[in-house]
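You will see chain A twice below: alongside chain B first, and alongside chain C after that.
Showing the complex of A and B:
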């Protein structure tokens, strides 16, 4: 059964006013347990509005959100429980660090869940370990950490709630290549080790191509494409027509194809592109 | 080509409470040439942002000398002239817009310089046209996208008729479409108006478009050269925690598999050209 199901969800800001804007329009999707769903789309495409329904922060204008088959908006208690079952980590989460110590900051979520002290302690240490923050840093002020460490501390704060679904909105924004790889690797390890479902919002098609099992492309509030990464990324031309940034290798192969070179255009990783080009030359890939 | 900014053996240390000074920039010698598009890359903490702030007297060197058009930035009497010649666009588009209407924001700089009103009008219009934001001149800045806000910030700088603009990771916080808009604007200003550009970035595909790339590591200049030279040095990239631009990664993988590719393969366009030529040579097109 799908761990998360969204049925015909719509959301309007400023409803019943002149300024009504439909940010999300009739979106449906299903995510199975343990999957990594990548969400792609322009700024203003409705991505952030959509994900804020997953833990009940926003209430849909129409449609339903089901966790394990249960509508989270059916009553107040269920909505409240959804806050802990779906952990939402916003963009630039390091701006939301506020406690005196890193430890207290990571413990904030579990404490709100009214867990026992020893359970809170276990979770804080486990989450800190997951994101690679050594014990020595836990008693420091979060403001004394480096940018990358702050980001990881903030993510640990959400992981410490041990949500069934971890939603990360642009977790690598503004990081250098090394910092980006660190975050993506820890997300992937977290998913593999805990079996949790992860939803990753990203502008980087390369990152989604590398990690995701399923992909959702949002365009003007609608789910323009939804399916396996292969299904979505093989539609390079459609993605380009929506003004999205397809991976560089996809652009290269679209350009070759347009010039009459008989290559497939559904390539989106360096490995696939290498294999496809070697096939063209009749060489057979060594990779 | 003459020099617009010269760094002579520059070191910089942030003042810390513990009084132990760690050098964020160490013994840097660097010349920025007039009219060039210079990219500065390096991982977080490599000193590239500190370096950027030394170019226009936001930071003053702890040791050594920074000369802007021959003026020493450490001399307080020069700061006004230095800032007028070298402007900076910051990382966060929401932190640098001061007015409530786009054209007022662009006018802020020239007003502070005491430019006569009629000329301000002309400069603001010119600057907004140059960045492609003229139709938005009466908009409220908060209604613009990240890329549009950054272009307004650029207009605010060129309205001061600066010779050089520093971009301190100005594309880090905006989406790919906004990044493309900003980058295209920057390249146009560089080519058409001859404005010197210092572009600090994490995105290797952006650095690949520069005339010259400086790689910072541990506060020092680890390498400098054309993008082709810098990205040919894989050991350097590994050592400094950087990577090849995506198109170049594909070219490298193909070369490893014995495919002969000639010419530049750093951008998707040039890489596609090289693959096309190689396919023609192999007789498969």
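Showing the complex of A and C:
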């Protein structure tokens, strides 16, 4: 059974005024346990609004969100419980740090779950280990950390709640390539080790291509494409028409195809590109 | 709830009120507020209300927007009205039930207080609805400029006000974002007693202050990079000029004040 299912979800801001904006329009999707769903879309495509429904922060104007088959907006308790079952880490999460020490800040979520002290301690240390924060940093003030460390501490704060689904909104925004790789690797390791479901919002197609098992493309509040990564990336032209940046290799193969070279256009990783190139060479085609 | 705050909101437009000089509008608003407290009978009060209605008409601000600015004061309004209604013990008794006593004077006082607060708030709202924050602070700076003679840092004060107004929406957005982030970590902002709720605000206030200071530093750097050195020798792109419109308004206001004074003299005070 799908761990998360969204049925015909719509959300409007400023309802009943002239300024009404339909941020999310009739979106449906299913995520199976242990998958990594990549959500791609432009700024203002409704990605952030959509994911805030997964843990009940926003209430949909229409439609429902099911966790393990149960509608989270059924009653108040269920909605509140969804906050801990779906860990949501916002964009630039380092701006939510507030405690005196990194340790206390990571413990904020577990403490709100009213867990026992030794359980909190176990979770904080485990989360810190996942994001690669050494013990020496745990007793420092979060404001003394470097930018990348702050980001990782904030992500650990969400991981420490040990949610069934971890939702990360642009976790690599504003980081240098090295910091970006660190974050993406730790997300991948976290998923492999804990077996939890991860939803990753990003506008980097390369990141999604590398990590995701399924992809959702949002365009003007609607789910333009949803399916396995292969299915979504095989529609390179459609992605380009939505103004999305497809991986560089896909772009090359799309333009080769446009020039009449008989190549596949559903290539999105370097490995696939190499294989396709070798296939062409074998056939003796002029590239 | 945070989005309901309309203080300092500006509605763009090209009406008579929008085109008035900010200085004239500020002075007139103050004059209006003082005059409304001089009204002691229904004739003068009626004249003031009619004038406020005329200004609203000239501003083309939708009545709905004006009513929205009154929402935050609704409680104060009700509170003062009820208090005045039953605490005035002079005048003719209209109604009595146990310790509750209602006199005609109490009734009038309640009406007067309510109308005064209503017109006071709506006229000030009209000022901010029709004046851009920049024009408003420029106006204040010009009006206060004589104080420079006694070494009051008028320019800095005006600049501070402009910046403060500019950052209200930014900080509201920031609060929204931080609140969502902490709620996602299970922060409980709605339940618990007073102390508990105050404590629950810390995870929001600390990041808010941190980011406010960060923004302040960034802004200060940006201003210095553009060679901002305070008001000394600074010229303006938009010069403020008084026109016929402003003269008409000033005359109308003098007439209004004279009218109120005369009406107060010829008709007996009811409160």
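Points worth noting:
Heads up, the rule we're going with is that the second predicted complex is superposed on the first by the 282 of 287 C-alpha atoms of A that agree within 3 Å, B and C clash if a C-alpha of one lies under 4 Å from a C-alpha of the other, contacts with A are read in each partner's own complex, and residues count from 1 in each chain.
We adopt the following convention: a residue touches a chain if its C-beta (ideal position, glycine included) is under 8 Å from a C-beta of that chain, and two chains touch if they have at least 3 such contacts.
The model shown is predicted, which means the values in this text are computed figures rather than measured ones.
In the three-chain model built by superposing on chain A, chain B and chain C fit together without any clash.
Shared-chain residue A:161: touches chain C; no touch with chain B. With both structures placed on the common chain, the touch criterion links A:109 to chain C but leaves chain B unconnected. In the superposition on chain A, contact of A:213 is made with neither chain B nor chain C. In the superposed model, A:280 lies in contact with chain B only, and not with chain C. Angle at the C-alpha centre of chain A formed with the centres of chain B and chain C, after superposition on chain A: 70°, rounded to the nearest 10.
In the superposed pair of complexes, A:101 makes contact with neither chain B nor chain C.
Once the two complexes are laid over each other on the shared chain, residue contacts for A:177 go to chain B alone; chain C is not touched.
Measured by the number of chain A residues touched, the leading partner among chain B and chain C is B.
Within the superposed three-chain model, A:71 lies out of touch with both chain B and chain C [touch as defined at top].
Once you line the two complexes up on chain A, you'll see the smallest CA to CA distance from chain B to chain C is 5 Å. On chain C, the positions that touch chain A within their shared complex are 177-178, 180-188, 202-203, 206-207, 210-211. Contact residues on chain B toward chain A in their complex (touch as defined above): 42-45, 91, 145-146, 169, 172-178, 180, 202, 204-205, 241-243, 245-247, 249-250, 253-254, 257-259, 268-269, 271-272, 275-276, 278-279, 282, 284-285. Across the interface of their complex, chain C is touched by residues 52, 55, 57, 83-84, 87-90, 93, 95-98, 108-109, 112-113, 143, 157-158, 161 of chain A. Listed in rising order, the residues of chain A touching chain B in the complex are 42-44, 146-148, 173-179, 203, 206, 243-245, 247-249, 251-252, 255-256, 259-262, 270-271, 273-274, 277-278, 280-283, 285-287.
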